[in-house]
Amino acid sequence: MKYGARNAVRGEVKSVKKGDIMSLVKFDVAPCEMASVLTTESLDEMDLKIGDKVSLVVKAVNVLPVKE
Amino acid sequence: MKYGARNAVRGEVKSVKKGDIMSLVKFDVAPCEMASVLTTESLDEMDLKIGDKVSLVVKAVNVLPVKE
Amino acid sequence: MKYGARNAVRGEVKSVKKGDIMSLVKFDVAPCEMASVLTTESLDEMDLKIGDKVSLVVKAVNVLPVKE
Amino acid sequence: MKYGARNAVRGEVKSVKKGDIMSLVKFDVAPCEMASVLTTESLDEMDLKIGDKVSLVVKAVNVLPVKE
Amino acid sequence: MKYGARNAVRGEVKSVKKGDIMSLVKFDVAPCEMASVLTTESLDEMDLKIGDKVSLVVKAVNVLPVKE
Amino acid sequence: MKYGARNAVRGEVKSVKKGDIMSLVKFDVAPCEMASVLTTESLDEMDLKIGDKVSLVVKAVNVLPVKE
């Protein structure tokens, strides 16, 4: 599997919050956590459950650096 | 500082590759690495240099889960 | 505060519409208005209320020019 | 013309910086300025020139509020 | 109409699923199908109904190639 | 392979235009064409060549409907 994206980490589903159209899924990506919002349809089709292992892919253009 | 985004981690600039319009910056986000593409103008304005500490912000809608 | 984005304006919260997973916030950015969709979790964490002043950040890759 | 996006303003091309693959265009959106990055191919196809009037469309999910 | 985007196809509204804040619309783009998530406000303003013909615009930076 | 995205089609690489930081790849997605912009690093890592078959994944939030 090769993604046309600079960021891809492995994570484990930690929580699923299902909404009417969109859903929010949290992942353990030791030592931190990541969150994804996807359609509830995609969630159901992926059949994501707590403990499932997935890849989390983010294109580099969607990463915003901020210097505080 | 509070971001309207579910993902925000601290990282340290590891490398900078400057292009004509866009630039690619890599960050150490122990234990892994993240990459951001931004305009070279933004890069210059932020004056990002190796070793600088920044926040890396990603909206949850831009995180794609993939189940292999 | 320096953002790795070409667009950053100051705005004032004008309305908040809270949904199950996502929320819609409108901002006064005189002389016009801008809207943001974020997770309700982020909204709660930011504790956004009418009248609050925020920065609205948009990466240039997310701006679509259309010539009618 | 109706866009499936909450943000659409009129702007006038102020500068064009052409790159190999991507280009950066700045727009006057009185009283401020906006920037867009698009492919140089799209730029050429649109035939964008200084003074041209365009609509600048941004989906609300791509607007990040930050509370400093 | 010229878009600053490399992907623009014509589609016909096939189904509309309205949510509190976001809505999911499916389009027939023979021989396949596309889906868009937009705010319910934008949906109402566009007055999208089954059978309506629209353009579906996607910036090339938002297309992720995956080699399986 | 299951993607947390509503849009995923199969395409075949038709052309590759390599830039300093970003590259533009065109795909045959009969009966039409799609384009993706990714980092040149990702392109090299994927080793994309004309004729290669890939999946093209687009999250529904990145699809903009326009009614002309």
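Think of it as A, B, C, D, E and F in the order they're written, each chain with its own count starting at 1.
We adopt the following convention: a contact is a pair of C-beta atoms (placed from the backbone, for glycine too) under 8 Å apart; a residue touches a chain by one contact, two chains touch by 3 or more.
All figures in this text were calculated on a predicted structure; none of them were measured in a lab.
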Chain-contact steps, minimal, separating chain C from chain A: 1
Interface sides of chain E and chain F: same vs different residues, half threshold: same
Farthest-lying chain, centroid of Cα atoms versus that of chain A: D
Geometric centre distance via CA averages, chain F-chain C, whole Å: 29
Interchain centroid distance [CA atoms averaged], chain B/chain D, Å: 22
Length of the line joining the C-alpha centres of chain B and chain C, rounded to whole Å: 20
Multi-partner residues of chain F (each touching 2 or more other chains): 1-6, 19-22, 24, 35-39, 41, 46, 48, 54, 57, 59-62, 64-68
All chain pairs that touch each other: A-B, A-C, A-E, A-F, B-C, B-D, B-F, C-D, C-E, D-E, D-F, E-F
Chain C partner contacts - residues on chain D that touch it in the complex: 1, 3, 6-7, 9, 11, 24-25, 27, 30-32, 34-38, 46, 48, 52, 54-68
In the complex, chain E residues that touch chain D: 1-6, 36, 38-39, 41-43, 45-48, 59-60
In the complex, chain A residues that touch chain E: 1-5, 19-22, 39, 41, 57, 59, 61
In the complex, chain D residues that touch chain B: 17, 19-24, 35, 37, 61-62, 64-68
